[in-house]
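Note that chain A is present in both complexes that follow, paired respectively with chain B and with chain C.
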Partner chain A sequence: MNNNYNFAFLDEGSKREIRRCTLKAVAIPGYQVPFGSRELPIGRGWGTGGIQLTLSLIGPNDVLKVIDQGSDESVNAVNIKKFVGLCTDVETTNNTTEATLIQTRHRIPEIPLKDGQILVFQVPIPEPLRIVEAREEVTKKMHAEKDYAPLWLQLYESLVKYQKVTIASEYPCMVEDRYMTNPSPIPKFDNPKLHNAECLYLFGAGREKKIYAIPPHTKVVSLAFDDVPFERESFAGKTCRLCKSNNTYLDEMFDAQTGEKVYQCSDTSYCKEVAAHA
Partner chain B sequence: MLETPVLSVKDLVVRYGEACPKCAESLEKNRCSVCGCVWAANNLSLEVYPGEVLGIVGESGSGKTTLMRTLYFDIAPTAGSAVLHDYKDASQSIWEASTAEQRMIKNNIMGMVYQNPVMGLRMNYSAASNIAEKIIAAGSRNAAQMTARATELLEAVEILTSRMSEAPKNFSGGMQQRVQISKALANNPSLLLLDEVTTGLDLSVQAKVLDLIRKIKAQYGISILLVSHDLAVIRMLADRTIVMLDGKIVESGLTDQILEDPQHAYTQQLVHSLI
Partner chain C sequence: MAYVAVSGGKEAIEESIRLLDFYQCSNDRDVEVEAIESKLSLLVDRVMSEAGLYSKPYAALALKQCEGSIEEAVFLLRAYRSTLTRNYYTTEVNSNDMRIIRRISAAFKDIEGGQILGATYDYTHRLIDFDRDSKRAAKLYATMQNSLAEQNPEEVSFCPRVSDELKREGLIDRYDNYDDSTSTHNRSDQESQTDRPPHDVTTTMLEFPAQRSARLQTLSRADTGFISGLAYSALRGFGQVHPTVGELRSGYVELCVVSPLDENESLCVGEILITEVECFNTSDDKDQLKIAVGYGAVFGRNENKAISMAVIDRELDNGGEYPTQDEEFVLTHGDSLEMNGFVSHLKLPHYVTFQSKLDSVRKTRAADATGGDTHE
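On to the complex of A and B.
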């Protein structure tokens, strides 16, 4: 551990302020709580919201896992793990079940998370209404008045133009029948995992200075018309080339040698575990 | 008329800019020569009855559009009240309603067609979505019903349903106005506000839009507040007419009476210059 810095890099006052905002976010599921986003040794927009949540919550006994688009070994994940490790000395893992604190970019692990686990999302654009309204002042009023008609219109427009809903990620969802929420750019495949989960989901947007949360056992409903139900991406007929799973979110890859498209689990630790037990 | 009015506006004042103590005696037309503020609507009172078309005529800058936009909540009034029969049985002014209630009034009770379609339509969204916007805002979450209603309304305004997935930015001015009209009708409003709907359109397209309004009046029995500076349009559609000048109503009465026997000097000038 590098003793030139406070435990978990941020000073205790900063961590406390972030935790207070986190508590408020947990108390009002889906509501975006403004917070004083701190300077970090990485640029804003590179996961600083998630890192600040992780740093403010982590304790010496926590076990940390960091994934980037499902992968434990990508540059972003490895560097964040290294950084948090340097200033906390906490144990890190690739095993989803062992981890108490998981920081993620763009995925929710395939293994259902349990009570006591926290999943921290790195969020680039926390505002689900941003695609329909550029002004923050207006989106705040729209949330206050629960005026989400423009988002429904966006959905309808996609049905008119393409006869299907074309939103693939950042699929908006209604949290506890009150706040429309952007579940960060997870694929819509992961949206159902947000509903009635056992774990705590925390979302941090460092550049936009917002924290929001989906606490355990919260009702989360993805936006859908009465007669056009919400649908996840379908991987029917495709299996992971490594573990042969057919019920996971698959990445499409191109095999240069054979010239064929191949599929592989996006969640690398899940894939390895399944392959090991096969 | 003994019927209860659909809309009743009382002592409406809309002022642009801060007033000064000398405004009352320093108005040149509708602008205060001391402080420069503009009294766009100055103590306007009017009533619209069920099924009637009330025409509003007046020169540019007389306050016609200000009146319409204030009724549609685009502009906040300085003073006055307006009650709608369909909103709390006319017991509360619509301008005292909460934002959510105002949205409900805009979507369920009133429909507005702006002079400039850019103000009334989402130019990058399809024609069907423009109509669905109103239906969604009124609470419907059934896509098939929205499509059916959009089809019905676009057929009614003679726009090919094969073009319903196209954006109005690709339509002609007359078509854009007709999409606006169908959007305004989406939730069967009891009051339609038409602000210079034929201005800028060529004569054949104007005739089509006017025919359409006449058809809507006959078919749906909606009350219409029709703003125009074209007396021919007023003669063709309006049952009663009010004449505005410098933010004030200078004359009102049955349309034929106004056009055949104008009393106010401005109305006489208007009638004689155009007919």
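On to the complex of A and C.
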């Protein structure tokens, strides 16, 4: 631990202020709470919103897990773990069930999270309406008036043009029948995990200076028409080459030697565990 | 399997950081932090200004640590700034009391207090000096010390503002202490002026429409290149201003805090070097014309940034269709840390989201080719 810096890097006043905004976010599920985002030694746009949440929440008894694209060993995950370790000395783990605090970029772990666990998302663009409206001043009003028509229109247009909903990741969802919310760039595959969960989901956008939350047992519905149901990415007929799972989100890769297309679980710790018990 | 890029991150990072040292080891000479601070002072000024942290030694240290990259140095200072407890807020600085080192007006030939050219590269010939020898610093230092020893200190006299006279004449609108108007079009409306303390964008998120204090703070911390380019676009044709520099002044201003022992007393805690600009523009005032002022103030000697800030301040007041007149566009995209952070994040892996995009693309193509081969 580097003793030149405060526990969890930020000064106590800043951490308290971030926690205050987090409480407000939990009280109004899906609503984006503006906060005085602090600069960190990690690139702004590289997960600083999530890290600020983690730093403001972490205590000496927490067990931290950090994943990027589902992987514990990806350079960004390693880098964030190294930074939090440097200023807290807390225990880290790859094991999803052991962790009290999990910071993630782009995935929700395959193992369902439990009561007492917090999943912190790194969010690049918190505003689900940004794709239809560039101005913050306007999108704020749209939320206030619950005016989500342009988003529905976009969905409709994509159906007319391509016969398919073409929104890939960052698929918008309605939280507790009130706020349209961006679940961060998780794949659609993970959207259903947000609904009626046991754990607390917190979302931090550092550069955009917003915090929002999906508390446990919250209703989360992915945007869809009654007659065109919400559809996830499909991996039908494909299995993980390592653990043989056929119900997980898969990374597609090419075998450099054979030129063949192969698949492997994006959640690496889950994959290892399944493979070990096989 | 050859594809292992997602794992082994820890080792790769450590080796990468070690390799950074390699780029600083081409010879055994070092640059002293003190030398950076005094010999590259305009660079130091720029970094302090974009970081929003006034510390020459730390700015110099940061520059040394990152091979002189401006955005990296700004990054280091900003991150350090986050760890500091804010113990005091300084009281309002009145730049009328500036200890001036340079002051010019492009509006009037003769100004009260005089034009003071000071140090400027404006009138140098930009010819590379191939003969600049390595002992120059020592000689210069000796000459300067001798010259200073022969001089007697003079009383500092403060200069009134060029705009004061125009204000007395009623040609320029006056604003009270804290202009807190949210609408940019009714700034002359005295009722919209309140005495609330300025909005601090480092503790409270910038919201739109922005208070003028938030606008000025954001512009003052903005990336120099970004706001210079924007100001240039407004001057060239994508805007309405072609202002006259009413006054440009650089100098030292004192910073004071309220004494913790006695509320009515303030303690001077130091001074900072700033550059301040007032730009004059003609503007509509119902059925006549008036002079509208754009204001710029930045840390250190960075005159083009201060002028650009003044140009943009004025453009934002005008409002309109051009990029420089769009408050949200200008104020959200000029922060060095934010722009460079987000642009650089594109280098992070996006395997999951790209897989999702691929899935969407493939699905639309599968639907197109009904009955045909779908190569899933």
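Keep in mind that, in the parts below, the second predicted complex is superposed on the first by the 278 of 278 C-alpha atoms of A that agree within 3 Å, B and C clash if a C-alpha of one lies under 4 Å from a C-alpha of the other, contacts with A are read in each partner's own complex, and residues count from 1 in each chain.
The rule is simple: contacts are C-beta pairs under 8 Å (C-beta built on N, C-alpha and C of every residue); 3 or more make two chains touch, one makes a residue touch a chain.
Please read these numbers as outputs of a predicted model, since none were measured by experiment.
Engineer: For the three-chain arrangement built by superposition, which of chain B and chain C touches the greater number of chain A residues?
Structural biologist: In the superposed model, C touches more residues of chain A.
Engineer: Thinking of the overlay built on chain A, is A:Pro185 touched by chain B (first), by chain C (second), by both, or by neither?
Structural biologist: The answer is second: A:Pro185 touches chain C but not chain B.
Engineer: Over in the complex, which chain A residues touch chain B? Could you list them?
Structural biologist: For chain A paired with chain B, touching residues are 141, 145, 147, 149, 152-153, 156-157, 159-161, 225-228.
Engineer: In their complex, what parts of chain B are in touch with chain A?
Structural biologist: 99-100, 103, 122, 125-126, 128-129, 132-133, 136-137, 141-147, 164-165
Engineer: Going by the contact rule at the top, pick out the chain A residues touching chain C in the complex.
Structural biologist: Against chain C, the touching part of chain A is residues 5-6, 9-14, 17, 34-41, 43-46, 48, 68-71, 73-79, 82, 105-107, 124, 134-137, 162-170, 185-189, 207, 209-210, 233-234, 249-257, 266, 268.
Engineer: Mind pulling up the chain C residues that touch chain A in the complex?
Structural biologist: Touch list, chain C to chain A: 1-3, 6-10, 12-13, 75-76, 78-79, 81-86, 202-209, 328, 332, 337-338, 340-345, 348-353, 355-360, 363-364, 367.
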